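Sharing a structure below in structure tokens format, with a few things to ask.
Naming follows writing order (A, B and C), and every chain is counted from residue 1.
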């Protein structure tokens, strides 16, 4: 398969987690140094690392957001004009989902008050996980970038939203899209 | 021959992202700018009612004519033509120009070093406008 | 296969390339925010490429049982250019610039999908950012998985079209060759 996105994604997650670990190590080291007031012993870059306020999931989400904004421009190029919020969310669940995640969503529900629940019974980045509940915690990292992708795509289409995933049993995933009123 | 005066791209909040004026018209910069701003107001009006991205003719005066296009992501594009030019572009040709520039826009935002919403520079646009003006010789 | 499905397949292939390249690009720019020195980003990209390369080697060997076991660098280069690179990067590649008694060679990518739409700011290039180092790292990782230790680096790109990966063969990792395969 050309362009092994899954492998890149896995590597990206590993790197993000590693730098998160470094960050918390730097933080505790900073505390130690600071408590001893041994200020001349502060290693270069330690302060920067210690005060970097991004954890792995935020990092991944940020990357996804940027990618989503670019991708949606291409996917929406040939689609009809999208006007209403519902049309836009439907577009995300159909054309965008197919292009980016390789399949349509299985279910879309809304309370008509700005909350949408998208259900994907076999979400693409979770394909490699064994089915069931054992690895739900680890799967969270595999959903951060996709959430960013969705949020970035919506944002480009002028919808500000919070996107959060829930997994009850792998690889089925629910995405909650909560529209922020302008 | 075709009389293309300039091409402009604006973001959702009418922030200018890209502009180019045919060097042939460089002595009319101010007029063209004014004309483009007037056209941009009409983009807002027209896009509310439009059923497609292409908005058709926006505005015309004795010197210029403008055409508009709004993408699903709220990017506005304005094409300014010379109204005094004998030959005029067909509707289909204008649509094609917008389609092409939309493609250039997509390519340009795919550059990770480009910060979305800031003025754009890319070889795609450079080549695109060169072609526009070359045809208009 | 109907023409419509074919069309969709071609589209989805193009999309997966785009998703890959855009994600990679966004990742590089994020890393540039985290590391003060662009050189460190290059090192990090090389590391990531290495890890990906080891995984790709397994995948490659599983899918290409007919590829002969390589015994020299000419064969390695041949498999890389004819099989592995077209398979995973979707582009053709050629080998040139043999030197140092066949220990050094360059792989030239006909086009580089990673940089196709990317304009790396010149000041980052001169500060040591090698945007395509992931590919070099992946080659290093893949070859190490089959017991060839090499050094690989992406030659800083002058133009966007051709990307050169310079490879220097170091040694065969004898210790890790399972007994019986050594001849």
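FYI, contacts are C-beta pairs under 8 Å (C-beta built on N, C-alpha and C of every residue); 3 or more make two chains touch, one makes a residue touch a chain.
Just so we're on the same page, UniProt names per chain: A = Trafficking protein particle complex subunit 6B; B = Trafficking protein particle complex subunit 2-like protein; C = Trafficking protein particle complex subunit.
Keep in mind that this is a model prediction, so the values were computed, not measured.
Based on Cα centres, what is the most central chain?
Central chain is A.
Centre-to-centre on C-alpha atoms, which chain is most distant from chain B?
So the chain farthest away from chain B turns out to be C.
Just curious, how far off is chain C from chain A if you go by their C-alpha centres, in Å?
From the centre of chain A to the centre of chain C is 27 Å.
With chain centres defined as C-alpha means, what is the inter-centre distance between chain B and chain C in Å?
40
Suppose each chain is reduced to the average of its Cα coordinates; what separation in Å results between chain A and chain B?
35
For chain C, which residues are shared contacts with two or more other chains?
Residue numbers touching two or more other chains: 18, 21-22, 26, 29.
Please output the residue numbers of chain B that touch at least 2 other chains, ranges allowed.
Only 110, 112 qualify.
In chain A, which residues are in touch with two or more of the other chains?
Counting only residues that touch two or more other chains, chain A contributes 66, 70, 74.
Note which residues of chain A are touching chain B in the complex, please.
Against chain B, the touching part of chain A is residues 66, 69-70, 72-74, 76-77, 79-82, 156-158.
Using the touch rule from the top, collect the residues of chain A that touch chain C in their complex.
Against chain C, chain A makes touches at 1-5, 7-9, 11-12, 14-15, 19, 45, 48, 52, 59, 62-64, 66-67, 70-71, 74, 98-100, 102, 145.
Using the touch rule from the top, collect the residues of chain C that touch chain A in their complex.
Result: residues 11-13, 15-24, 26-27, 29-30, 34, 36, 44, 48, 51-52, 55-56, 59, 87-90, 113 of chain C touch chain A.
Which bits of chain C are touching chain B when the two form their complex?
Interface residues on the chain C side: 18, 21-22, 25-26, 28-29, 117-121.
Can you check the complex and tell me which residues of chain B touch chain C?
Touch residues, chain B against chain C: 107-108, 110-114, 122-123.
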